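Letters are used for the chains, namely A, B, C and D, taken in the order the chains are written, and counting of residues starts over at 1 for each.
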Amino acid sequence: MATMTMAKALNAALADAMLDDERVVVFGEDVGQLGGVFRITDGLQARFGDKRCFDTPLAEAGIVGFAVGLAMSGLRPVVEMQFDAFAYPAFEQIASHVAKLRNRTRGALSVPIVIRVPYAGGIGGVEHHCDSSEAYYAHTPGLKVVTPATVEDAYSLLREAIADPDPVVFMEPKKLYFASAEADLPARTQPFGRAVVRRPGTDATLVAYGPAVPVALEAAEAAREEGWDLEVVDVRTIVPFDDATVTASVRKTGRCVVIQEAQGFAGVGAEIAARVQERCFHALHAPVLRVSGLDIPYPAPMLEHTHLPGVDRVLDAVARLQWDDQPDARWLTEAGAA
Amino acid sequence: MATMTMAKALNAALADAMLDDERVVVFGEDVGQLGGVFRITDGLQARFGDKRCFDTPLAEAGIVGFAVGLAMSGLRPVVEMQFDAFAYPAFEQIASHVAKLRNRTRGALSVPIVIRVPYAGGIGGVEHHCDSSEAYYAHTPGLKVVTPATVEDAYSLLREAIADPDPVVFMEPKKLYFASAEADLPARTQPFGRAVVRRPGTDATLVAYGPAVPVALEAAEAAREEGWDLEVVDVRTIVPFDDATVTASVRKTGRCVVIQEAQGFAGVGAEIAARVQERCFHALHAPVLRVSGLDIPYPAPMLEHTHLPGVDRVLDAVARLQWDDQPDARWLTEAGAA
Amino acid sequence: MTTTPQAVRRESRRGSRPATTPDPARALMPAGEPVRLLDPDGTPLPAHPDYPEPPVEALVELHRRMVIGRRFDVQATALTKQGRLAVYPSSRGQEACQVGAILALNDDDWVFPTYRESMALVSRGIDPVEVLTLLRGDWHCGYDPAARRTAPQCTPLATQCVHAAGLAYGEAYQGRDTVALAFIGDGATSEGDFHEGVNFAAVFKAPVVYFVQNNRYAISVPLSRQTAAPSLAYKGVGYGVPSEQVDGNDPVAVLAVLTRAVAHARAGHGPFLVEAHTYRMEPHTNADDATRYRDADEVEAWRDRDPVARLETYLRARGALDDAAVAAVAEEAEAYAADLRDRMHDKPTVDPLSLFDHVYAQPTPQLVEQRDQVRAELAAAAEEGDA
Amino acid sequence: MTTTPQAVRRESRRGSRPATTPDPARALMPAGEPVRLLDPDGTPLPAHPDYPEPPVEALVELHRRMVIGRRFDVQATALTKQGRLAVYPSSRGQEACQVGAILALNDDDWVFPTYRESMALVSRGIDPVEVLTLLRGDWHCGYDPAARRTAPQCTPLATQCVHAAGLAYGEAYQGRDTVALAFIGDGATSEGDFHEGVNFAAVFKAPVVYFVQNNRYAISVPLSRQTAAPSLAYKGVGYGVPSEQVDGNDPVAVLAVLTRAVAHARAGHGPFLVEAHTYRMEPHTNADDATRYRDADEVEAWRDRDPVARLETYLRARGALDDAAVAAVAEEAEAYAADLRDRMHDKPTVDPLSLFDHVYAQPTPQLVEQRDQVRAELAAAAEEGDA
C-alpha cells in the first residue's frame, strides 16, 4: 500500500504494460521527453527508449490513423489525445475506422488501440480544454468506453484496456489526476462491464461515473445530515454497461439520480436514466432524475462552478424524489382513468 | 397543391431562399453542375450562377470552416455534407467553432450556417453511407438540430434553418428523399421547437423523428388491428426539443414508445425516454420503451432490414406496455416496502 | 496555377542574385512533366535517364492482367445492370495504374486501396467475388485483409493514407521489409488526412508509396477545383518527400516509376509520392450521370490514349506479343468474366444473427440482449411465414 | 530532410537531360534561404532585389510597438505569478513577427490569431485587458471580433486557416478589398486544417496571408518531428501558392516580406505563405517546464538574435532613434504595463446567469428551465450566505 495520485497510477499502468508486452507502444503529442502535459507518460521514453514512447507530428487524425496501421501490423498502440476537444479532429478515424474495422472485416482485422482522453473540467482550464466528450464515443458501436474514478481503477482499467482485444476510449477525469489515495499496485479491480457500489445505502441510488463519482460520494455524505442513506454506484465502464449492478441497486432503493458532468442532452446520463426506468419501473417511487452540466459550451474558469453539477444540485434532485408521496395518488387516478 | 418529392421540396426551399436573400450561398462537393449526388441542389448553379452555388475542394472540415469564415463576412452559407459519415472530418469545426462562436464572443459573432446532412439508411447503401449521426450534434450545445419527415416540413424547416440566426444541422432522411406527397409551396409549417401530432390516438404515444416517422405511422395503422389506438408525435426539431407537445401526449395516453433509426445507446431516443419519464412519471402505466437500430455499425445492404426498427419491432414494444397490469401490484408492494 | 505578375517578376530578379547554397528542395521536386516511356500510339520514346524500361516479361504480364482487369471491370458494370451489384465504380481507362501498382509490389507488401481499386485487387489475385462483396451487399469487406495483405477498400477518402504510414512503420519497426502502397484519387488529396498521412510517413521514414491516380474528376468536380498547383506531385516537397509525375496511361512508364518508388521505400529512404495523369472513362459509378458535367468530346479524346492498346501495340512491335498470345489472353479474360458472372448469379444468404458477431471480440451484454430479441423476431417471422 | 541517394542521383542525371518546358512551379518556390535585411547584430545587408526596405517611419513605429509589446508580454507573465492570470503563452523572442504582421496590414484587414498572439493583438490596439480576458477566465473572447476585425484567439490548432480563407473570400465576394492574415505555428502546420485552409484559399484565390511562426517547438516537440521538409515554406508550391522564408528575428525583413505578401493578396493574386524562422524564448506557457526538453545553451544562442535590440541598433545607426527617443518609448511601455497591472488588479465579477445568454440567439426552452434552476440555486446559496 502506498499513497499515490491517479496520474502516477496511470503512469505505472503504462510502464507495467510496456514491460509485460513488447508490442505496446505509446505515442502522441509531447508524450516523449516532456512526459505529457499531465506527466502521465513521464519517464517512459527514458526507460523504454524512443521507439516505444515517442512524439508525433501535431495531428490527431494522424495519430489515431497511424495507430490503426500499427495495430494492423501487430502492435498495441496506446495514444494520447492532449485534451478532450483536441480529439475531435480524429473523430472520423475513430468512428469510421477504429470502431468499425473488426466488424467490416468479419473479425479478420482487429485494432486493439487505447485512445487516452484527458477529459472534463473542474481545473480552471480555458475553452476547448474541458469538454466532456464521452457520449460521442459511447454512442459509437465498436468502441469500449471506460473511465476510472479511483486510483486503483485507473491502474486496473488501463491495464485491462491495453490487454483488451477491442479498441478502448479511455477517458481520464483531469480533475482527479492529482487526487491521491492508498493503492496497492499492481491492483486488479473488477473487469470491464462491472459497475461497483462505492457506498451502500438504502434510500436512493446515485449513479455516477468518472469526475462525478466524488461528487456523488460527497453528496451521499452530506445527505446523511438530511436523514437520507444513499447508495452510490460507480459505472466505471460506460460501454459495456453493467445493467445488473445498477438495476439491483435501484430495485433495492426504489429511487435513482444519475449524475454526469457532461451537458445533459442526449448524454450518457440519458441512456442510464432510460435504462433504469425500462428495467426498474415497478420498483421506482419517483422518476429517475438526472443531474448534469448545463446544456451550454463549457464556460470560462470563473463560471465553471455554476456549470458543474455539485453537491447542492445533487441534493436538490434527491429532495425531488417525492419522499412523502408513496404510492403516488395521482398515479393511481390517472392509471384508473386510462 | 402539387405532388412532389422531399428532394424537390428541399431544392425549392434552397432556390426560394437564394431568391429572397442575396447573402445565401450554397456549396459543397458536387453541388454545382451535378446538382448534388441526390440532386438537392439541382439547377441552382444554372439559375443563380457559379458564385452563389459552387463546388469546393473535397474536404469537409474545409467546407465547414470556409462557411464559418463566410458567415463572419456576413454571408449565409448553406453547405452540403455528401453523406452522414463524411461529415465526421468536419467534427472539430462543427463542435469547436460552429457550435461555440456565438458563445465564445458573447454574441459579437454569429455563424448562421446550415449544414445539410443526408443521413440514415434504408437505401441499400454501402458502409459509411447510412450512419445516423444526429445524436453527435444534438449533444453539442450551440447547434440546432432539425429533421423533416414530410415534404412540407422539408421545405418549411429548411427555409427556417436558413433564416435562423443560429447554426443549424439539417438532417435529411435519405430514404424519404424520393417519397412524394401533396405539398403547397411555399409551405410554412410549425416553427422550430414545435413537435407535431401526426396521428391522434388514445392508448399510447409513439414519439419519432425523421426516418422513423413513417415507421411509427405505419405501426399505428397496423396496431388498429390489434385494437390499439396509437398517437404519433413527430419531433421535427430535436434541438430545441418540444417538451410540451410530447408531455401532453404521454400524459393523455399514459404509455410511450420512442422510435429512432439510430443505434440506441446514448442516442436521442434515450434523451426523449429520460425526459418523458421525468415529466410524466405519474401518468405512466408502463416504462417508456425504446425501439431503435441495433448497437452495431450500420450493416451491409442485405442485412439492413434486420437492423432497422420496423413495424414489427414497434408493435412488439407496444405489446410490452403492460396493458393488463394497471395499476401494477408489484409496484404497490415494493412502494409499500420502501 | 498562380503565376502572378509578382511571382514572375521575382523569378526574373532572382536570376541575377548571387548564388547562395544549393536549394535542398530541388532533389525532391518532380520533373516538370510526366514521365513517359511510350508515345500514346505505343511507339517507344528514347530511353529515360532515370527510369529504365521494365523487363519484357513483366510487360507481357502487365498486359495480360490489364486485359483481364478490363474484362473484369466491364463484367462488374454489367452486373449492376442485372441487379447483381448495387453499385460499381469502374476504373476503365486506369488499367495501367491499377495493374502497374500491383506488379510493382511483392506479394507480401501491403496495399491500401479505395473503392475504385477493384481491378487492382483482382490483379492481386483476390477472388473477384470476394472483392465484390462490398458492392453486392452481403457484408462489407469480402476478403481477408490480413491474409491478402490488402486493407479493406477504403471509402472515407484519404483516411487510408494514415493507415498506410502506420502499417509501414510498424512493419519496419518489427524488422520486416514490407512496403505499403496507398492508392488515392486526385480529389481526396484535398482532405486533411492525405496531408497528415504523407507527413507522418515522411517524419517516420515509413516505407510507403503514395500513388495518386489523378483521373481529373472527383465525381463531377474537376481538378481545377481541387488544386491551384501546377500538378499534385508538387505536394511532395512540402513534406520532404521525393515525387514524380507519370503518364498514367503509359503502362510501361507507370510500372517503371512505381518500381523505382517501391525500391526507394524498401531501401529505407522513406515515402515516395507518384502522381499518375489518367482519366476515368466511365461515370463515377454506374449510378452517376457524367453527361451532366463533361463533354463526350473530352472522353473521346482520351480513348486515343487507351493504355491497353498502347501496351499491346508496343509489345507486338517488340515481338513480345502476337495474334495468338493476344487471343489467348482475351480468352482467359472471357473465361474469368464468365466464371465471375456464374458465381455472382445467386444471391448469397447471410445469417442475420452474424450482425452481432464482430462488433467486439465478444458481444457485450447489451448485444446479447439485442441478439436474443432479433432471434425472437426471426422466429416469430418464420412462424408467421409457416402459418 | 530526405536527400536520399536516389534523389541525389536523379538530380545529377536530370542536369544532363534536354531542357523541357520551364517548370511552372519554379515561380512559386521560396528562396532556398530566409530573407534577411539586417545582420543579427543590426548591420544592414546589401539591398535585397525583391524586398525593398520599408520606410524609416514604419521601422520606428515597429520598434515602438515591439518595445511596448515585449513589456506587455513580460507583464502578462508576471500576472500569472500573481495569480491574476491562469496561464499565459509568451511570445517573447517573436516580437518582430507579432508586430511586423500587424503593421503590414490595414486597420480593416482581418487577423486570425492563435493563443500565442496576445502581443500582436495589443499591437493592433486592442485593450490588453480585453485580450487577457480569455486567460484571466472571466469569459472566452474578451474583445469584439467584428469591431476589431480580429477573430477570437484560436486554440484548436490550424482551424483558423480555413476561417481565414472563408472570410477573405467572403469579403472579396462582397467587393471589399480586405486581406486576412492567419497566424499559425510550426507544429500546427501538421494538422489537416492547415492543408485544407491553404488549399481552399488557393483554389478560391482568397486574399489570405498565411504566416507561419516557426519557433522550432510545438510545446516540447521539435521541428524535426513536424516535418522532413527542408523548410515549411516549401509547402506552398503544393497548393500553387507562392511562398517565402524570412528571418523571423529580423524585424525589417519580416515587415518587408509581409508587406509584399499582403500586397500580393490584395492585388487579387490569391494567398501567400510566409514562414518566419524564429524562437520562443520562454516556455510554451508559464505552466510548462522547458528545461525538460531543451538546453539552456540553445536558448542563450537565440538571445544574441534579439529582434528588439537588432532593430534598435539599426535605427540608432541610421539616426532614426536616439537615447531620448529610446527612453521615451521605454517610458511609454512602462506606463502601459503599469496601467495594465492596475486594471488587472481586481478580480472581475461575472453574472452566472449570463451563461445562458449566448448559447443561441434566444435561449431554448431547455435553457430557460436550466436558467431558472440556476437562479433558484443562486438564491438558495445567497440565503444560506445571509443566514
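Definition applied: a contact is a pair of C-beta atoms (placed from the backbone, for glycine too) under 8 Å apart; a residue touches a chain by one contact, two chains touch by 3 or more.
Here is each chain with its UniProt name: A, B = 3-methyl-2-oxobutanoate dehydrogenase (2-methylpropanoyl-transferring).
Everything numeric here is computed off the predicted structure, so don't read it as measured data.
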item	value
Relative to subunit B, chain with the most remote C-alpha centre	D
Result of counting contacting C-beta pairs for B-C and A-C, higher pair	A-C
Rounded Å distance, subunit B centre to subunit D centre (Cα mean)	41
Separation of subunit B from subunit C, taking each centre as the mean of its C-alpha atoms, in whole Å	37
Rounded Å distance, subunit A centre to subunit B centre (Cα mean)	28
Overlap residues in subunit B, where contacts from two or more other chains coincide	56-57, 59, 61-62, 85, 88-89, 92, 96, 103-104, 127-128, 141-142, 239, 241, 265, 294-297
Shared-contact residues (touching 2 or more other chains) in subunit C	139-140, 156, 190-193, 195-196, 199, 203, 225-227, 354, 359, 364, 366
Subunit C to subunit A touching residues, read off their complex	139-141, 144-147, 151-152, 156, 159, 161-171, 173-174, 180, 192-193, 195-197, 199-200, 203, 354, 357-361, 364-366
Residue numbers on subunit D that touch subunit C, as the complex places them	1-8, 10-11, 13-14, 16-17, 20-29, 31-33, 49-50, 190-196, 199, 202-203, 205, 224-232, 234-242, 260, 263-264, 267, 269-270
For the subunit B and subunit A complex, residues of the former touching the latter	61, 85, 88-89, 91-92, 95-96, 99-100, 103-104, 127-128, 131, 135-136, 138-139, 141-142, 239, 241, 251, 253-254, 262-263, 265-271, 273-274, 277-279, 281-290, 294-297, 326-328, 330-332, 334-336, 338
Subunit D-facing residues of subunit B, complex	25, 51, 56-57, 59, 61-62, 64-75, 89, 92-93, 96-97, 101-110, 141-142, 144, 164-166, 193, 239-244
Subunit C residues touching subunit B - in the complex, by the definition given at the top	86-87, 134-140, 155-157, 187-188, 190-193, 218-221, 225-227, 288-289, 292-293, 347-348, 350, 352, 354-356, 359, 364, 366-367, 370, 374, 377-378, 380-381
